[in-house]
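One structure is given here, and the rest of the page talks about it.
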Amino acid sequence: MNIARHELQINCRGRGCYNITHDVSAWLATTGVRDGLLNLFVRHTSCSLMVQENADPDVLADMERFLSRLVPDGDPAFLHRSEGADDMPAHIRMALTQVSLTLPIASGRLALGVWQGVYLYEHRYEPMLRRVWLQAIGQ
Amino acid sequence: MNIARHELQINCRGRGCYNITHDVSAWLATTGVRDGLLNLFVRHTSCSLMVQENADPDVLADMERFLSRLVPDGDPAFLHRSEGADDMPAHIRMALTQVSLTLPIASGRLALGVWQGVYLYEHRYEPMLRRVWLQAIGQ
Amino acid sequence: MNIARHELQINCRGRGCYNITHDVSAWLATTGVRDGLLNLFVRHTSCSLMVQENADPDVLADMERFLSRLVPDGDPAFLHRSEGADDMPAHIRMALTQVSLTLPIASGRLALGVWQGVYLYEHRYEPMLRRVWLQAIGQ
């Protein structure tokens, strides 16, 4: 069994989706794992992971429009607001998307569909340095 | 370590939940993996995976009623609508449910609870051929 | 390859979030798995798993406030209500959060971020004995 691990750092410039597919794939190619599973895990509680359509930028904008409406920033119902209007909404958005993703590795590559990209979804307004742990397990 | 992989094809006849538990279990029984993890992954961005109650069909109908209300088809807020009123809603529904599921294998079987079924959730209106990658890893 | 499995039982005293991080970590320390993946899986359809902020109890209360508003108990749109007003909402809440979580193990420990806790989210009003399957796979 072969296990490889890496911490991917992403400089987020505020709320939005950051395509990490290329960085993840580039690291995977260095591990020698040909078949198995790739686990991605964000070590934060106000950003998350999402597999989403990678072709039309309107998809990411619409996704954000939807989440902003579903989880209103500054909602007076929320008590937890020490870090601002986006504080509690970020925790909820994280819970409704993914903190962890496990994807198949085949022939040494991430076996995504043609239209799939892997995104770090930053839910806070301010720039943040985010850490995503990658772990490949297989042979 | 034993790794086995299979592509499950599902002929979806339009929006709704398709129970794939039997097909997944039948394939798993052929792999020889007794203990480990089963990863399911949809290689699409407008359908998804869901573990849901398997006994009362009203549950799946209510789930659909809920999602239709939460993510309205043809919502004028969405810019991405090239494939129709269900286009962007399908991407959002996918993001709110699962693109990837990792489930325990014990004694050569998928260790689901009695009331759990595994569903492919088709979010588009039109018939689609969907591909779910299955990967068993273990011993 | 090393595979270890355990069934964690949690006595839930009604709807809410139960922090299982300590119990999961304590079991993991007994397995001898130093590097790999930990899979958690709830064998139920009306509770779920969530990684959430572990410091301010207001976060969990706000999360519950949000979900109660999003998925109203006793919603007349739902047909499935044989077990009460919280029956169908519990299935929907489960589908919007996680039935399965796969987390990295590093140096024999669950590699959570400092502010992350792992919660069993009970969605039913009544006390329930819940079973979470833990499986560590690695070396």
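First chain written, first letter: the chains are A, B and C, and each begins at residue 1.
Everything that follows uses one rule, which is that a residue touches a chain if its C-beta (ideal position, glycine included) is under 8 Å from a C-beta of that chain, and two chains touch if they have at least 3 such contacts.
Just so you know, these numbers come straight off a predicted model, no measurement behind them.
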Same or different contact residues where chain B meets its copy chain A, judged by the half mark: different
Turning angle required so that chain B lies on chain C, C-alpha fit (0 to 180°, nearest 5): 120
Rounded Å distance between chain A and chain B, as computed from the means of their C-alpha atoms: 20
Junction residues of chain C - those touching two or more other chains: 1, 37, 70, 96, 102, 137
Chain B partner contacts - residues on chain C that touch it in the complex: 1, 3, 5, 37, 39, 41-45, 70-71, 77-80, 82, 88, 91-92, 94-96, 99-100, 102, 131, 133, 135, 137
Residue ranges of chain C touching chain A (in the complex, touch as defined): 1, 35-37, 50-53, 56, 58-59, 61-63, 65-66, 69-70, 96-97, 101-104, 106, 111-116, 137-139
